[in-house]
Amino acid sequence: MSQRHLLALFNNFEDAEAAIYELRAADIKGFKFDDLTLKSPIEHHEVESVLGQRSANVQWFSLGGSLVGGLLGFFLISGSQANFYAQMKGGKPIVPFPPNFVLTFEMCVLGGVFITILGFLICAGLPAKRSPLYNAKVSEDQIGVLVKADESAMPKIKGVFLNHDVLEIQEEVSK
Amino acid sequence: MIDSGLDRRDFLKVLGWGGAAVALSGCGNTSVEDGKETVVSYVEAADYVIPGIGVYYNSTCAQCDAGCSINGRVREGRVLKLEGNPASAINRGRTCGLGQAGVQHHYNPDRVREPLLRHGDKNEVITWDKAYALIAEKLSGAKGDEVAFLSGGVSGHLKVLLGNYLDSIGSKNHFVYEALAPAVVRAANKKAYGVEMPRYNINKAKVVLSFGADFLGAWVSPVHFSQQYAQFRKGVDGQRGVLIQVESKMTLTGANADRWIPVRPGTEGILALGIINALGTASGDIAAAVKGYDRARVSKETGVPPGQIDKIAALLKLRSPSLVLAGSAAEGYAHGSQNAAAINLLNQVLGNVGKTVEASTSVPFPQMAPAKGNTVALKSLNDGLAAGKYKVLFCYAANPVFTAPGAMKFKDHLAKAGFKVAFAHYLDETALQADLVLPLDSALEDWGTQVPEYMTEGAQINIQQPLMEKLHANTRGMGDILLALVKQRRAEEYKSFDDYYAYLRGAMLLNKNALGGSGADDDTFWNETLTKGIVKLAGSAGTLSGKASAAGLTLPVPSAADVQYPLQLIPGVTASLRDGRHANQPWLQESPDPLTTIVWDSWVEIHPKKAAELHITEGDIVEVTSRSGSIRAQAYLFPGIHPDAISVPLGRGHEALGRYAKGYGANPFQILDAVFDQETGELAMHETRVKVSKTGQRVVVVKDEGAAGGKQMGRKIAVLVTTDEVDLSKEA
Amino acid sequence: MEKDTNESAAWTKRENESPIPKHERRASEKDIRESIAWAKINQDVLKSMETPRKLYWVILFFAFAAFSVGVGCEVYQYQNGMGVSNKNNPHAWGLYISTFIFWIGMSHSGTLLSAILHLMHADWRKPIFRFAEALTTFSLMTAGLFVMVHLGRLWQFYYSVPYPDERGLWPNFQSPLLWDAMAIFTYLSSSILFLYIGMIPDLAICRDHLHEGWRKNLYTWLSLGWEGTDRQWRNFRVTYLTIACFLIPLAVSVHSIVAADFAMSQQPGWHVTSFPAYFVAGALYSGCSAIITLFIILRYVFKFEEYMTLPILKKTVRLTFAIAMIWTYLNAVEFASVWYSHDQASKDVLIQKVIGPFAPFWWGMIFCGSVVPLTLAFKRFQTNIPVLFVVSLLLNLGMWLERWMIVAPTFSHGYYPWTWDHDQWPGFVQWGMVFASFGWFTMLFMGFCKVFPSVSMYEVKEMVYHRKLHLKKSETAEQGAH
Amino acid sequence: MSVSNLLENWAQFRHFHPIDDKPHDPYKWAMSIDLDACTGCNACSVACYAENNLPVVGKEKYQHGHGMHWMRIERYWDEGLGVAGGSDFPDHGAQFLPMMCQQCEAAPCETVCPAAATNHTADGLNSQIYNRCVGSRYCSANCPFKVRYFNWYDYPTTDNVWPAEMNQQLNPDVTVRSKGVMEKCTFCVQRLHAAKGTAKNEGRLVHDGDVQTACQQVCPTGAITFGNLVDHESKVHKQWQSQQVELDKDAQVKDQKEGGSGLRGYRIFEELRPYPSVMYLERVRESAI
Amino acid sequence: MHRLLRLSILLMGLSVAVSGYAADAPQPTLTTEDDLGPQVVQPIEFPHDRHAGLRNPGDPLKGGMEIDCMYCHTYARRSAVAGIPPLQKCIGCHQSIETVRNKPRIQELFKYWDAKKPVPWKKVHDLPDFVRFNHERHIKRFVEQQNRPTQEACGYCHGDVKQMTVARRSKALSMGWCANCHQKDHPVTAAGGTPVGNQAYWYGFQKPVADAAGGEYKAPDTNNIKAQGPNDCWQCHK
């Protein structure tokens, strides 16, 4: 059965929240709650109570990134210090710890930041093409609820939205 | 030695420019640069000419008259650096800064390159043939005594040839002029010891009492004396020699003294007599002569505290042998001869004659012995010029227009000479006044022999040989020029000599046996001589007379203060610039004066107390005015000078000479009064009285010394200990 | 406030003309009006990117002119050698390095305000953190320029960059300069990323509200297809938080490494243990005062009176005051520890600063850095824009002098008395370059503010939203209590 | 293989110098300068100009502190001179100190160079590689002796530094430095290398006296001694030994003796622990006068 | 998640590759043995192959003459620079070789000789001026002390000159390329050139190892201790 997208725009978060609550409770056939996406101009972390804990794994990238950065930093630096041209400098050991610590730290942060960003892009699915059902109002002051559901579920979903002062409903043009 | 066929420019680009090319390419590019440069190659090459390997040749330093032997490093046909020749008894492998700069004399960009006929301020380049013809023409119109030859100190075969030339002209007017020669001391020595320049054994003395003799800096044979000084400091049996320096302006030697005594200018002789008095060991007429010089009077007249005089006397008594030296500071007065005699008398009283003052050896060829320069010569030449006596004047190795005291008006008088020929390296002040300027080879391109005035153990003749090919095609050696000139007159006599080299070789071979080459064949002897660079001779040791007496010793009481000109001007003689002939060598200009650390400029040394009185601070441009003129220079507050004296160094203030000399500093020769030593007639260099006034201008004194001055600010940098704190015998 | 000078009165007048109704401003010391509509926020900020006041163009023009001076100086110096800048052998560094530290220091504001306040949930940062982060980025770029300008052989700078090369050579990792380079690189790239990541939702707004042109394309590309979905927001929050966590120690490390340039050396006046802390405090200080300056300029130029409100300014000012006092304290500690020690060389340097040829500048630094900020303690000055503008400029001047007083006296008065040199002053090339750095910075900064939203729209919306929520809650609570 | 090299030779990479290790075998170049013999005549400085292609910068640049004398002669006055209670005259003369790169064993300049252009060589020299130098001048900033000289201008192309014929005097063994690089005394490394090469060719070590630095060679009083500190036959070794000065100490045992040791060897700023390779012998002045 | 995994793997691989490349001594980009350097135009097209090349037993007029490199480049064993022989040396042989006397190249040579002008040969292996390569030390070590054939020793850097007419650079002659050799084991011997003592290996940080088998060439005096070659910067840059 073919699935379709539907975007409902709300004036404020409370309306949208209420609509989502209802959708969740409604248990509509052909619509999985996980396929519901909230689009908002700001972050509403209250939304978690409605949508449930969805995963955010960026921090693991950060950890990995800083470890890789740090290790790479230390061995790159120490290894290159111990090359053929190794020359004594200022009576300090060829592989001195304080400088290498400093540089390892910097590499650690550098790796952490870079990989975190990478992780963010991966986790947030960016960069991506905007979905056809996008309304510029979402970046201004309206809340959008995007649902993906079987065509059969659409009327019910629309009904729910209409119950909650929906401003506008956009539908994907059927193929 | 060097191939004539070699295209010098081309190969210099290859190896010589290597360094410079680095700079131009910015040191950055690590990729190889094929096919861009030309590789060095010779047409023919001797086996020992290897690119990249330096060859050493011995020669003689011509930067001053001390006669140090040098060892030049030659690579790819270019002389790069001069080192001392260890075989020479004079300098034993060492040189001074002035000697090091010899290469800059040779490579100097301001050297005269072509014979020049001067019309006013214009130069006309002429050929040598034309120049010789011109000289012949001028000489033909002059009688023998209308020809004068002014030269610096000359010796060896050049002197012989010069003598012959003057003889051929029929002139006896050879003026040997050196602005800074110790001529009064020579005369005093002659009187006291019977020789003009005895051998001083500084290394054997336990105490050296020097009256203004800057033997470490610029006096007689500084490199030799420096070596003796090093031994003297190490001492015999761990007892370190003590140096006491008496002078009104601190010299380099004074700066190294254990005790530096700022004596009132001109009273050196009085102090010497006072010390004799304090010693109390003199007898006879000496004792009588010094009787009046009790410590109270001496102290009053010299400004030296009585206790100091006693201390010196006690030390001299305790440590024997000692050595007393009379230097340029003592001789530079109208009573300079008396000063020097009094000082020599002290030596006599201390019993040093024969111990630390020894007879010198002289070369067994009196005709080669150096013609010693003095300032009497300048005076008589000047008088002659003023009288318009000379139709032709030759000038070689002297720059009297720069170095003659302003009061003599030498430049004006020179104009009265009919035809002036200058043999010159540079277009110096004198050459600019000449009608004909003949360019000379540098000492590193020329052949020659030299007999130093001051001989160390044994006598020696120094060989000067070219270290590289002529830099400029049209310069000539002085010997070659003289030979050419003498051939004009006595062609027959000299026809067998193609050039001066042939003459020199011939002359040396003629005396082969006397020169220690008996038995050797000519070529071997000659090659060996050139290889060594020195001919050591047995020499004939003279004897000292030791007849110094107090007879006729009259020392004037220091004159009362001169209200109009309250200060004594002491012309400073620096080790690197001396009389200024080498001022166009940039290393010397940029080498800081040891005491003031000033570079590139002249200065007026004033004692800080005096300066405070006159409200002068460092960097004030002051006007120094004497009866003969005035100069302007920056003031430098210098504690090492008597408050009643100021000092301006000689050698700078050129109006010509070259790009590194012209316009830097002031020339104190210009304001010297024409006062002469009463006995010898030598110029009394220290007898000029001056006044100092602020001009209101200020400059930053360009010197190496930092904002802390000479203070170490509590850091342990240069440490001083006294002899009772160290045990020198433990040292390796 | 009303009793102040004419100039002040003029400002007050302008204040009266501001779009915020007077009663509302007066009524509460609110950071922001809760009643601002989100659409208006979008509209106001987007308008700032199109039609700033004329002053904007004037500033941009002068900035460019100043920058051109620097280009001229650099060309001259590049061709003739470093000597033209009038440095010499004891004075090896001169103004370049001191200005370098100045700009590095200034860069700390963005991080401080953004990262620390973000972690502390201080939401008044929201309207100002964007330009503060831009300040970080561009002052770092300016600082980096000085590293280059300072090199005697600029064309060989890559010798000190670690990369595997044919020669098999590496730079010297022991050199604090290399740590510097590394730290600055890390900091700059992290700051740019932080700035960028934080800007993505706003870029999406820009994209959505522009119709065509290069800008539209630019925002489309840069916003990466941001739609504001819950997944994006969720990961965005974690990312932003994580990077903020990375940035705080990084920022501290950057300026302590710059301090290590000096503290790790052996020179009197530099070899001081408290230097890293001192540098970090100084950095925050100059950063904060720069924020005040730019706050005032942006507020006027882009008509941001409603977002960059006086209460926010007041908070910033109070923060600045606190940091100024920390800096003053650390200054005192440094002098005291030098004085208490028996290190003659370090003492000499200190004496040299206090009564030597550097005394006017040193006392100028003390005045600007420790005395002038005392005005900030007075409530009446905390919102007085003209006073604050002058004070913030003075503080920055003081901070610049501080850096100069760290660098120069040790050179002129080091261990070795023979080389002491009190006469060498920076030449016109150096001054030109310092002057130009301000132009270069302003050029970049003003350019940024024109092209990118200098007030974070989504964060202000959040702020308004949360305040409103809070207000509502407290109202409800009040009603409940009744 | 650098990483494997790193791991295999870990212990060697962690040695502190000169306290932990003694790599100076067979060469450690060192100097001693007898300040009692030094007369301050400046010959060494001029010889250095001649040997090492030092530019003459001229009056104006010298005024701005751009002088390039690798070896400078410093002239100090007694601390009591001219101050209240002291003498108005330098009664004990002046004190001269030749100052050049001290070739520190733990040189402060080496650690700070970002480009690794200055390093410590195996024979105990502080090398300066002109072509690697980027001109950050950090080494000069960190040198306690301030003996590093920067090329503020491009002297080879400056008028009257090496005009026409003068450039033929340039020593081809020494690179002429361009603008923007640091330079300093090298202990005449070109001479050391030539001597080492000759010795190697002959399958021996460099003997004492085989090689002289330019300043040593010229010094009229022989105040400068230079040689291999490891070679027990060398004069410099004997001098260091007799003065009880040790290379790897920051304070010498002899200096802690009560009442003085009667020795006069010392190193400048020893307490900063750069471990200089130049020992100075204190100037002596007669106590009886 | 697949995308994530792939990216991570890619990233790790990249970092491993970079660090591996970075940490190990990088190999210089060589011009290969076949890839000769730039053609340098010489004033006279000197045929190295004719002089140094192998004899052709069949036709002596076609083959080379197997002249030792150092017969002409005689300075190489005595000086840092190998140098070009003096013109005298060329003439020395050629004036008695009548058969080629009329060839244009020889005529050109004699023109220079008659004018007493040196031939302006162009440098082919021209290092930057701050690099000081010492021919003498290398010849002493490889030819005199290790008895290797001259052409092989010279060929390390100059390539197979006996195959060329005018010499062309066939090795990179870059710093990394030089270090390539220096990094290899050097025997530490009294006579072998590397100084006896700790210095030989201290800074190269490769402990001396007793190599019982020895290398292909066994220097007579080798006590078979190996270390790295000289590595301090002043070795080549002064």
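Worth pointing out:
A, B, C, D and E label the chains in the order they appear, each numbered from 1.
Note that in this section a residue touches a chain if its C-beta (ideal position, glycine included) is under 8 Å from a C-beta of that chain, and two chains touch if they have at least 3 such contacts.
Only a predicted model underlies this, so the values are computations on that prediction, with no experimental measurement involved.
In terms of the stated touch criterion, the partners common to chain A and chain E are C, D, listed by label. Relative to the C-alpha centre of chain D, the farthest chain centre belongs to A.
Taking the mean of each chain's C-alpha atoms as its centre, the chain lying closest to the overall protein C-alpha centroid is D.
With every chain reduced to the mean of its CA atoms, the largest distance from chain C is reached by B. In whole angstrom, the spacing between the mean C-alpha positions of chain B and chain C is 66. Note: centroid distance chain C to chain E, computed from Cα atoms, is 57 Å.
With each centre defined as the average position of its C-alpha atoms, the distance from chain B to chain D rounds to 31 Å.
The centroid of the Cα atoms in chain D and the matching centroid in chain E are 35 Å apart.
For chain B, residues that reach two or more other chains under the stated contact definition are 15, 18-19, 22, 26-28, 30, 52, 700, 704-705, 711-712, 715, 717.
Multi-chain contact residues of chain C, defined as those touching 2 or more other chains: 90, 153, 156, 166-170, 172, 174-175, 178, 415-416, 418-419, 421.
Residue positions of chain E touching 2 or more other chains: 22-25, 128-130, 174-175, 179, 203, 205, 232-233. Touching pairs of chains, sorted by label, consist of A-C, A-D, A-E, B-C, B-D, B-E, C-D, C-E, D-E. Residues of chain B touching chain D in their complex: 12, 15-20, 22-24, 26-28, 52, 75-76, 78-84, 91, 93-97, 99-101, 103-104, 107-109, 216-217, 222-223, 226-227, 229-230, 233-234, 240, 242, 244-245, 250, 252-260, 262, 311-312, 315, 471, 575-576, 586-592, 594-595, 597, 599-601, 607-609, 639-640, 659-660, 664, 700, 702, 704-705, 709-712, 715-728, 730-732.
On chain A, the positions that touch chain C within their shared complex are 37-45, 47, 51, 54, 56, 58-59, 62, 66, 76-77, 80-81, 83-85, 89-90, 92, 96, 99-100, 102-103, 105-107, 109-110, 112-114, 116-117, 119-121, 123-131, 134, 136, 138-141, 144, 146.
Residues 64, 68, 72, 75-76, 79-80, 82-88, 94, 115, 118, 122 of chain A are the ones touching chain E in the complex. Residues 26-28, 30, 700, 704-708, 711-715, 717 of chain B are the ones that touch chain C when the two sit in their complex.
Residue ranges on chain E touching chain C, taken from their complex, read 21-22, 25-26, 28-29, 174-176, 179.
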